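Letters are used for the chains, namely A, B, C and D, taken in the order the chains are written, and counting of residues starts over at 1 for each.
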Amino acid sequence: MIRVGIVGGAGYIGGELLRLLSGHTEVEIAAVTSSRLAGRRVDGGHPNLRGRTGLAYVSPEDLPECDVLFFTGSTVADREGRAALTARGKIVYDLSPDLRLADPAVYRRHYGEHPAPDLLGTAVVGLPELYRTRLRTADLVSVPGCMATASILALRPLSEAGLLEPAVTVDGRVGSSGSGASAGEMNLHAERSGVLRVFAPLNHRHQAEIAQATGLDVMMTATGVDAVRGVQVLCHATLSEDVTEQDLRRLYRAAYQAEPHVRVIAQKRGNYRLPEPKILLGSNYCDVGFAIDPGSRRVLLCGALDNLVKGGAGNAVQCLNIRMGLDESLGLDFPGLHPI
Amino acid sequence: MIRVGIVGGAGYIGGELLRLLSGHTEVEIAAVTSSRLAGRRVDGGHPNLRGRTGLAYVSPEDLPECDVLFFTGSTVADREGRAALTARGKIVYDLSPDLRLADPAVYRRHYGEHPAPDLLGTAVVGLPELYRTRLRTADLVSVPGCMATASILALRPLSEAGLLEPAVTVDGRVGSSGSGASAGEMNLHAERSGVLRVFAPLNHRHQAEIAQATGLDVMMTATGVDAVRGVQVLCHATLSEDVTEQDLRRLYRAAYQAEPHVRVIAQKRGNYRLPEPKILLGSNYCDVGFAIDPGSRRVLLCGALDNLVKGGAGNAVQCLNIRMGLDESLGLDFPGLHPI
Amino acid sequence: MIRVGIVGGAGYIGGELLRLLSGHTEVEIAAVTSSRLAGRRVDGGHPNLRGRTGLAYVSPEDLPECDVLFFTGSTVADREGRAALTARGKIVYDLSPDLRLADPAVYRRHYGEHPAPDLLGTAVVGLPELYRTRLRTADLVSVPGCMATASILALRPLSEAGLLEPAVTVDGRVGSSGSGASAGEMNLHAERSGVLRVFAPLNHRHQAEIAQATGLDVMMTATGVDAVRGVQVLCHATLSEDVTEQDLRRLYRAAYQAEPHVRVIAQKRGNYRLPEPKILLGSNYCDVGFAIDPGSRRVLLCGALDNLVKGGAGNAVQCLNIRMGLDESLGLDFPGLHPI
Amino acid sequence: MIRVGIVGGAGYIGGELLRLLSGHTEVEIAAVTSSRLAGRRVDGGHPNLRGRTGLAYVSPEDLPECDVLFFTGSTVADREGRAALTARGKIVYDLSPDLRLADPAVYRRHYGEHPAPDLLGTAVVGLPELYRTRLRTADLVSVPGCMATASILALRPLSEAGLLEPAVTVDGRVGSSGSGASAGEMNLHAERSGVLRVFAPLNHRHQAEIAQATGLDVMMTATGVDAVRGVQVLCHATLSEDVTEQDLRRLYRAAYQAEPHVRVIAQKRGNYRLPEPKILLGSNYCDVGFAIDPGSRRVLLCGALDNLVKGGAGNAVQCLNIRMGLDESLGLDFPGLHPI
């Protein structure tokens, strides 16, 4: 059994790691940390796990030796603390934004000065569909942002083929769980219910990750919608040459036919013609799709996922499976619900 | 013009008072207080009022002389503070629970020791349908709780006629705005969305008000539902003698036909056969209805309203209109929306 | 492998059977029928199953020989048709209301005349917690209604112990998936969103099933709420003798400690103190809880489940596992999500 | 009193016209037509109007002589029928898409062949902010589409000033009431709840209206969101020269400071910094706002409104007020609710 430690288990990403890893046949959860809740049962704040786990939180300083660690929050501000943690586990999956960007200048523009810039560029990006080979041996993996993952997977078949004009507009929509379990007053139900809140009209942070992975010139807008889970991104782009819808379909099929966690959804009929998160809640799929304007070179590329699963915890577990030589989908087989 | 002061204007009831009173042709809002936000514009936290008011909050100590005051929060703990406030306005509409119960023992059971028990019983209950005559001259009015108002209006025609067995079960459902603008973590959108949260399995506080107004022996349960506004109450009761559905209809019609803000809804067809808050948002109606089991004496009595309007601010304005000899519905004519 | 046939696979219960059975390691889905959609892929209307199944619907007359059949809709009106179906599978799990009631008079009161009254009483009720022994050998099983299951499991520890006064009021709340995939105009999103729709003010059909299983005199109200999945029932009851909260806790624990799909939830703190469906979507749990009024003998008993899983398809699969001598939870291990 | 007739009153736009006009002090509703519901009370399908109107539907052929007619649905396919209607009222406000486009070729591309192309270009566009002078005398007015109105008002200050590059991407989001009261299966609550449904990935019809009013080259995407009412549009555009945020603010203020039903919302703090429909439900405001990327010429222009009010019925009533020389906001003073 692989001994894993979850560093920061009280939040929503921590809860999903607990759900996925406690149902994973090759993993044993050695410890879950929380400074604030040490000694309390983990199913207190994660009530869906009642009857599934008897675990209680431990203090970060009591983290035992593990094979693998998952970091759900930022660790770079406290160098000694981070060293003490990484001493307890050789392989680290970092789900925070700490290591997502390689270029300090780009990081600075979106997050401010990085406390440990030497760490930038040291992690492999935790996107199996792009970096599977490197993930087989990587000991430090940075799991990308939820909207970044959806956008990269939606754009990549075309950007890789050199078929896109560089300027791309990404319109991201995200549920309230993206703001975390200790979000502020603006996330009160009465204020957050029914919203279409453009919280990042331009230059949302995830655009830097998308640009880094695709080489495109991305401008990203983000809107909070009335959902708890789920991300959808619409990428408005222009083809650099004439391409038919059939070409597009062929390109996307070729890119993803062997991928266990990406589905191509671009249908002519039915209620669910393009990707949407409604049917993906709890699943580790990223659905991607496209539409093309026959009269011009305008295309719409679309991606959807559950921000806490394929956009976070599930993606990290998929990386772990790859690293350990396991079936890549182990513990990640929940298909999502319909209707919901 | 009637000069009114709103003491505590930053919350949701304060916002509704502002909306209703700023559209009221006979009222001038002299001041709105907030200790925390003094100096800030009121449309900051009440964004629906942008372009409707240029008012800014003042400190409670800067409250000017008014004709009428509305208290949205508790004032009884600080006797001097309360006296300083009441010195600025002869007529007071108190929307807090401070003065809703007349009996100190009953108050204690639900809220703990009252800091100023001599005040209990000094206010007229702000329910026009029951106490209109007294409200014409009352200088201290206590506006009842939202679920209490709906329940009292649903039960009253039968309790008044002596047709109910005393034991009644009230099942209240309420949206998240009832928890206020500074509610805690359990009111985060991610936690509060999609809930059926039985926050008061038994003995909800409003049962004391219902018992006080109807003489019944009430046991009340309350559930938070996934809505921002709105209250619905289902009262499970037993008739004390044989009564037909036609009798019931006659009784309810007689009780409320002259009431401008109560509608009897008990229909045989259509989608909206019994009262529900969906179509009442923003309106000052309380809809009441009933159903009867032909095979027994079981009845279901139902009430619905917008907790911030007929369950709070609108009810207070209706009382004000009565007190001032105005058209009782002045400023309260919004019918609600459909669909919504 | 157990060969199963799903008779009527296009609806929501059909979709859940497909989801659960296509992930079940001991089952092979031999066929799924739909008169209307024969020849069409099943993932058209069940988009969560894309990439999980290549199945297409067949006509009911093309149903092959199976070990086990699941009926999702009524079959009793057409005797020959039913005989033709049952000739293809020895073991039948019937999820329709056809066989839920044993007494023709009770059936008539709620559904009208039964077309084949000789069938009433011939099926074992598909509730493992009550009838596990009989389910080990039963070839005809009638899966109970969703609100009935939640109510029976909430009431049973007390009714079984003879601790309840007979008169019980059940207040059921249910999401829109309960109305099915071909529901009418009143289920349009614009009409159904935000509702608290008392569609059965008294005498909801499921009360007959609850009475049958508990011996109580049940009056049941049902309200449609703004959710797609999920059932919650509140049972307002009176104890027939003095019982403490500790006694209650002991009783419920004893009743359900060995049950893999019932959890007792009655907590003193946290956001999720009593059962609610929000955290049960997709799971096969029924959560039950209780609250007691120390000053009287009034109790509130509460149950929650996913109407399509423990309230339908999941319960049927649990019965199948029991019948086949498998691990009772096989294919039913999804814990539910939080937050959602 | 102005005698108005509503032709097609059973739908959602018809309901809003009824709500607004029955509260309008200078208007008398002479008749409301419905072929299907002739003889039935209008408050059956518009339950918010109970107690507000005793009107019943009449057949279209029984439409009496009126001063003004409102057409909520298409009339152009039946020339004689249309002539019979227009004979009953000199002034017509047409809320259907029939007359929104002036160019038959553009109409054809989005809607197919127009049955009466000679009518195209004969109506004044019902947008007071652009065409107020012409609306003072217009006898045939075509009220624009809901997302078109929001987009045109958001874009116009910049397009009018010649400050935009022609290529603009409009991302529209709309609630389910936009699909009407007789929408199909894909609008069932269970299917429509929680969606982010890209029903028009490219070339949404309203783009033609936006292009017509602004001269821009518009590509429009539209997504159905989990709301009943409300429209939000995000217009991704590029400035044609360097412009500061202050310049933008000045431009928008200048364009709309005298407009009673447009507010400029582009704030640096608070929860509601850019326009969103949540606080506009029931109101006749269109809120518009903007954000600018200091490092490039990219701008985001944003508009929001209630699709049934400023996006339909309210806009029509505003046009009527202008035509009749009344206060432009008469009957349109509801500010919207917060929270909701």
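Throughout what follows, a contact is a pair of C-beta atoms (placed from the backbone, for glycine too) under 8 Å apart; a residue touches a chain by one contact, two chains touch by 3 or more.
Everything quoted here is computed from the prediction, not taken from an experiment.
Using the mean of the Cα atoms as each chain's centre, the chain most removed from chain C is D.
By number of C-beta pairs in contact, A-C leads over the other of C-D and A-C. One finds 45 Å separating the Cα centroids of chain C and chain D. Taking each chain's centre as the average of its CA atoms, chain B and chain C sit 38 Å apart.
Note: centroid distance chain A to chain C, computed from Cα atoms, is 35 Å. Looking at chain B, residues 12, 177, 181, 185, 190-191, 193-194, 226, 228, 271-272, 339-340 sit in touch with two or more other chains. Contact topology of the protein chains: fully connected, every pair of chains touching.
Interface residues of chain D facing chain B in the complex, by the touch rule stated above, are 12, 15, 19, 23, 44-52, 177, 181, 228-229, 263, 265, 270-272, 279-283, 285, 333-340.
Interface residues of chain B, counted against chain C in their complex, comprise 169, 171, 173, 185-186, 190-191, 193-198, 201-203, 219, 221, 223, 225-227, 230, 232, 234, 236, 271-274, 276-278, 291-293, 296, 298-300, 302, 304, 339-340.
For chain C in complex with chain D, the touching residues are 12, 175-177, 179, 181-183, 185, 187-194, 226, 228.
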